Amino acid sequence: MTGPVLSIRNLSVTYRIANEDFPAVSDVNLDLAAGERIGIVGESGSGKSTLALALMRLHKHPARIASGSVTIGGTDLLSLGKEPLRRFRWDRVSMIPQGAMNSLNPVTTVRRQMTDTIRAHTRELSKRDINARIEDLLERVGLDRGVADLYPHELSGGMKQRVCIALAIVLEPQLIIADEPTSALDVVVQRRVIETLKDVQSQLGAAMILIGHDMGLMAQSVDRLAVMYAGRLVDDAPIRDFFHDPQHPYSRLLIDSLPSPDELKPLTGIPGMQPGLGRLPDGCPFHPRCPNAAEVCRNIDPPLELSGPSRRAACHMVAAARAGRNFEEVTG
Amino acid sequence: MTWNYVGRRVAMFFAVVLLAASANFLIPRFAPGDPTAAVLEQLMSRGQQVEGAGDIVQEYRERFGLDDPLHIQYFRYLWNTLRFDLGQSISFFPQTVSSAILDALPWTIGLLLVSTFIAFGVGSLVGALIAWPGAPRAVKALVPGLMMLSAIPYYLLALIILYALAFSSGIFPLGGAYSSYPRSFDFETVVDILYHACLPALSIVLAGVGFWALGMRGAMIGTLGEDYLTLAEAKGLKPRRIFFGYAVRNAMLPQVTSLAIALGTAASGSVLVEVAFNYPGIGFLLYNALRSSDYFLVQGIAFVLVLTVAIAVLILDLVYPFLDPRIERQ
Amino acid sequence: MSNVLRTLRASLSFALANPKMLAGIAILAVLLLFSFVGPMFVDLRNAEPISVSTNQRPSAELWLGSDSGGRDLLAVMIAATPQTLRMGVLAGALGVAFGVFLGLVAGYWGGWRDRVISTVTDTMLTIPPLAILLVVAASMRSITVEIMAVIIAALSWMFAARIIRAQVLSLREQNYVKMAKLSGMSDLRVVLTEVLPNIVPLAFAAFVGAVSGAILAGIGLEVLGLGPQNTPTLGMTIYWALLYSAFSRGMWWWWLPPILILIALFISLFLITAALDEVANPKLRRSRK
Amino acid sequence: ALSLGLVATSALPQEAEREDQLVFENISQRVTTPENYNPYLPSTLQHAGLQQVGQESLFYYNYESGELEPWLASGYEYNEAFDEVTITLRPEARWSDGEPFTADDVVFTMQMLKENAPALGGNSVDARTWIEEIEAVDEHTVRIQLTSANPRYILNTFGVRIYGTAMIVPEHIWSEQDPLTFSNYDLEAGYPVSTSPYQLTSSTTTETVWTRRDDWWASESGFKDLPEPVEVLFRTAGSEERRAAMANANELDTLWVLGRDNFEQVVEQNPDITAWFEEAPYAYLDPCPRYMAFNTTKAPFDDPRVRWAVSYAMNRDAIVDIAWENLTVPAQWMTPDYPPFQSYMEENADLFEQYDTLTYDTDRTAELMEEAGFEMDGDYWVDGDGNRVTLDLVIRQGEADQTRMAPVVSQLLQRAGFDATFQLTDIAAYTDALNSGRADAWLDVSCGGVSDPYATFELYHSRHAAPVGEVATGARTRWENEQFDEVVNQMAVTAADDPAMHDLFREGLEVWLEEMPAVPLVQAALLTGFNEHYWTNWPTESNNYVHPGHWWATALLLVTNVEKASAE
Amino acid sequence: MSAPLLDIDDVTVKFGGGVGQGPAFTALENFTLRIPSDEPQIIAVAGESGSGKSTMGGVGLGLNRPSAGTVRFQGDDIWGSGMARSTDFRKSVQAIFQDPFSVFNPFYPVERLLRIPLRQFGIAKGRTEQDELIQDALSKVGLRPEQIIGRHPHQLSGGQRQRIVVARALMLRPKLIVADEPVSMIDASLRATVLENLRSLRDDHGISLIYITHDLATARQVSDRLFVLYRGRAVEEGSANDVIGDPLHPYTQLLMNSIPRPDPDAGWEGETQGDEARGTLSDRSQCVFIDRCPHRMDACRRAPSDSFVQRRRVACHLYDDARVAT
């Protein structure tokens, strides 16, 4: 097996507000292998979308990649010039946007938009080839070929989302980034769409990043789950390990707070609020809400470190436990 | 496009026309003064001693049906209007109102429509570029200039242009639509007509460009945040394609709606521009008709103006669904 | 979220921090100062005809020279600027008040009222305003600044009505409006205390826009000789200048100052409207870096 | 319509060279009736060529010589009682279609007018009023039986007394038409058919073109030489700026009124531009002095003292200076300063000393107002009840001189304590305000006599008066005075050259001045010009073969007299 | 027995259908809901987007006027008697809206939301009296008054705002609160806290609650009874625990199967079935679920009437027999 499809090193993205840079993504490291599905969860505002956009260099002013590197399929994304970047996008990495409702150009047909995309990257295909490809793709995502000649507003939310999926795989990319692809859909439709997405992704053998905050959805869809908190990656574990043995205290509380439709259990929340951009406390950003925060947590920001077989966590307590030291030693 | 939609627009069209026609009929009738007396006065002031002026006035009042009760006049007017018989001009008797209007209309349409569309096109493009992050810096430098222009009304601009480009420098003619009435339709005549149309068109275009540019800029800024633009960029489309096919195409929609209203305003603005440039169009005709209190002509012109604008609005409304396929939903 | 950020205070402080607003207000202030302080130095009676010798170029005594009617043009400018503004403000206020009223009724109460008002508004919008203005103005026997304001307002309320209606339609669906109803407030009070304050920035922007629209229409009438003949206004000054062919006689000091003042006025009002638009419509703010 | 026009005119002969074209300025903003050449429809625009080169008159009254020059007619003769007149026509006159011009045409025309009064306008009313009977004595002699004695009938009706005249139309064309709807416009058919040397060849809203007919009867018979211009154009020019520029560019050969400043600048740039006088005041006097009139039935202007007070408030020099740029002089009375009136005015100098219409004296105003029972309250006169004396001058917009006078007059009134304003109104509102009696006061033109004072006097005859609300005519002051009426009645039957006129004049004038129903303001000088670049021998003070009104029917005399400049 | 607190009886709500507006849209159809006076309850109303949940809430609040059917409050027909606008009714029925942002008029300080009803309902006239009540209510929801009073809404966090709304409901002591998706915009971490607050309203203050949501998991945790709406019709109604634990109506079943369980080993059970609904339904004479139902049969061409099975009400022809039996 060759190296990872995606490799993020020390990536930081900042927003410039009133002449000051606020980090929305800090020092993220992540690798992704071909065919792998990773989920990224986190509270609203934790930087998930910012990270996703940065992975395609689609972030807009006032966002700026402050440092780090992103390599996709061996290409260093950040060093690409304008035109190479344009060609690179979608060819290697595509995305399924957060709001499929608004991501299709409302005034042209599905066919036009798909043709557009193909034409922007290859001039060789004939019109007939392109049409055949479009219809084939639509069928692959479970849509009628007739959908090609409809306008976005003539489609239901689920159909639009499927069109977006078809669009995402039109150039058979190595990496697909899906930012909350189903958050606007109801559960019945959501299930169908996610299953379609999983299907086409595994057929292509592409790597996939699925962003969201629905833990149930993640549990059913990904191989690995990463948690973002205040712009950092704080937890990264294979999906079963994550649910059965959450290491980071935030992950633990998150799982505890999930209501289940299948049983009655008391509701428990995570007390406190996520810190706002630029108002990060010293030390571990989670320590004000952490039930077992110690002195060290107040002063030192824990790095994301290996904490088990193929899993990482950013927590002093986890690190201490792994180092075989006990709680007192750390605080002492 | 649903029939319901078409039906509603067409009904609206007739409502506008009927309303306009009625207002048209009533307003001049509340004006003091008697059009026939006015004609006589014109003669008398030229020095003709008219005996029995009252008789002549009466004679003409009868001829034009001005003595009938108001409602009879109203229905007759509506009926005639329906048949596109706008009656006879009093001051240009025996020329009919329709023929007087037909003489003037081509000039106005030529001048106004062309320059409004030029202003619309250029303004929208410039506005779109101003808002477009990838546009050259030089374009952004236009903003203050455009703002100034859009703040200055047509006719003040017309006066300044007239002074600068025609009066003091003599580069352009001082007014009129041609040097000598076109006797044949050859190349020279066409050039002459275009030459005469330059300044009035320039003042309409200049004043309009700023307005359209600013409107388009607002619409573009609204569009820029849309998800489909981000996706278009993500798809690796060429910037030009994103600009025209995605951003401009969508930002244009509200502009097209204002075009309808702008045509109405432009029709009004034309009065002043035409008067300033002595341009033999509808606006100039209206001005003269008002001056000579020619009821029927004033009515006819106002009616034709409203009708033209109403037709333009109707066309825009009917074309709009093709520009914006979402519209049929409402 | 952006909704919440829009308190009046925030708007105001934003507006005042807005360079467009500042520039607009500065120009307006200069013009007003000119017309308020002016009378202390210049005898406004010289704005009447046959007061000074005719056709004088600008000089130490007559800073802006005199016209062919023997008016001191500096005095005319000082007297005319507030008259023109007064007409605009009056017409703008009347038009916007009427437009806001109709917009509120149509937007908040909806139903048949909305259908009637919207239809009439749309209809009126397509009618070429100046054509009607000309007909109406030509039918009036004696035109004063006030009458002109009323005529112009009668033909310009539609713009305000449309904007306000659209805004009210969306405000009506805001939960705080429902909350107010649930708090036992009557519809009228809901409109006055919950809806109205939130359309103030918009109405104000519409008002400033209407003022400049009214001045524009007014000048149009005046230049065609349908203005208030006995009052010195900027438009009438241009009318007289045209009548005496000041252009070809090279009397630039006659026609240029009113045009420049008007342009300054229009630019100032435009800047203020643009700034207010940014307050009322946060989308526009985004483009400013 | 543009394209239609092009098709219709594309078959025309090639345009003449500029040096063969005589370009008149059309004094109207446009050719209002480009498809109507019926001279008797009140709406017809006469001065876009129709009355200048499109027709000929029986006589032309020459202001300079005071003579009635025969043209289509060779002479006329009244009977003793002035109630019958015989006109002899030139036998050689011919219509443009070759038919002879005969007495039958004259009879037909006048009968048509008489029968269709008042629909055919002022001429028809005139015909109905004066013609008892008209007959062709022989092919070239017409006899008209008048309804009552009228020694001025020929001058008034056939002599271009002011502006226009009764034009004879061809019976063989018109007898088959309804004169009320006949447009007399058909270029293919050669309409309008006339006796004149020019044929209409193009007519649009901005320009009419008349082309010379080389078979003109007068040149063939040797009565006149063929005029030199091959084409005569009447072109609308627009704003004063534009007209000045066109004059500079020699695009116009005659010019409508220019402001003095403008005129002087034009002359400076184009020395070929001339006027009647070489020096200021350049202009030839218009026969219609400008005045201010009152509705004399409305208080307080029903009081002659108040009317005189207003007259004393008029600083006529200021009006001359500001509204007329010093091109004219104050008017002592309502007649133009023409030679025939000189003796009348001189003989009555004593009267004018007593009733001084030229004096500006606000003290006299104050005296008279106090005498009339008013007092000063602040800056304004108030009556016994404390009401201000207000005065709303109605002004006809579009007449530049009146529009220019309005602010001056109202300002003068303000300074004298009258709360005066003015309203610029369009012609209909103006006419209506005056005719109906709604107006307090207004500025107007006094177009009366040009060779004797009768027509001026006649304007104030009480038969023109009517109660407010009904239509008044004449000067519309609604002034009534029996003694004055008597004078007018006698003048009507007295020939212009009868010495009795002088006594009648003095008697009437004294009554008039005492009552002052209207306030004379200024003589009217219309600064029109000619361009010698292409055409010379324009009338001037030293070459005064005719007066210079190029928009009048007398302009045919200009056209037949101008000479090509390049020929020199 | 006293009259029910709220009695929504066979109510239908239609929108549009005016002149030139096209056919009317049925947002809620033949809906019946009764809340007893003596026993406070939390009633959940669930269903997909556009199924008529908010419309139903509006009916309960007296904001939406039914096109057919009656709404009685403590026995009085609120529309028939004009009660819908009376202060009495307003005082008794309050709302907590979906998002805690738009309930505050950005123009005013936040405590206005608390002060206005006190004045309008005549609960406290004097300013000091009002202040006392307000401070009391705020501290009940764990807010310190000085953090709140005089602030404008944008100066507060979502959680704080949400709690002010709850405080308002507490302070007014209504008999019924309609909470329209009160937690849909809130993160999982805060969600539990707010729901706990709501539950304590019933337990500690005896206030009944209509809890509108599309989240069946939370509905199960907090509510006593559940209505499942589909295209304006209540397709299933019963004890929340029963309905969610053992759904009867094919739609409810589909819904339950589709919910992704937060457990990687659980898997998504059952078949994915039936495509999503497209467009609006014009023919309401048949079963509204007909186009997606896996058990579609001929009888479904008629609208089903309610069957009563296992202490609940189901509108489905599958249970026609049960109806006969009952």
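Which chain is which? They are A, B, C, D and E, in the order written, and residues in each are numbered from 1.
As a working rule, a residue touches a chain if its C-beta (ideal position, glycine included) is under 8 Å from a C-beta of that chain, and two chains touch if they have at least 3 such contacts.
Worth saying up front: this structure is predicted, and the values here are computed from it rather than measured.
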item	value
Partner chains shared by chain A and chain C (touch criterion as defined above)	B, E
Maximum centroid distance from chain A, chain identifier (CA atoms)	D
A-E against A-B, pair bridged by the larger set of C-beta contacts	A-E
Centroid distance [mean C-alpha coordinates] between chain E and chain B, Å	55
Rounded Å distance between chain B and chain D, as computed from the means of their C-alpha atoms	38
Rounded Å distance between chain C and chain E, as computed from the means of their C-alpha atoms	49
Multi-chain contact residues (two or more partners), chain B	31-32, 162, 167, 290, 293
Two or more partner chains touched - positions in chain C	138, 141, 247-248
For chain D, residues contacting two or more additional chains	239, 241, 245, 397, 425-426, 429, 433
In the complex, chain B residues that touch chain D	31-35, 37-60, 63, 89-95, 99, 102-107, 162, 166-167, 170, 174-178, 180-185, 278, 280, 284, 288, 290-293
Complex interface listing, chain C residues touching chain D	48-50, 54-55, 68-70, 138, 141-143, 225, 229-230, 240, 242-245, 247-250
Interfacial residue positions of chain B with respect to chain A in the complex	133, 226-228, 230-239, 241, 245-246, 249-250, 253, 323-326, 329
Contact footprint of chain E on chain A as seen in their complex	43-44, 156-159, 186-192, 195, 213-221, 239-240, 243, 253-255, 257-262, 264-271, 273-274
Chain C contact footprint on chain B (complex, rising order)	12, 15-16, 19-20, 23, 27-28, 30-32, 131, 147-148, 150-153, 155-156, 159-160, 162-163, 167, 214, 217-218, 221-222, 224-225, 260-261, 264-265, 267-269, 271-272, 275, 286-287, 290, 293, 298, 301-302, 305-306, 309-310, 313
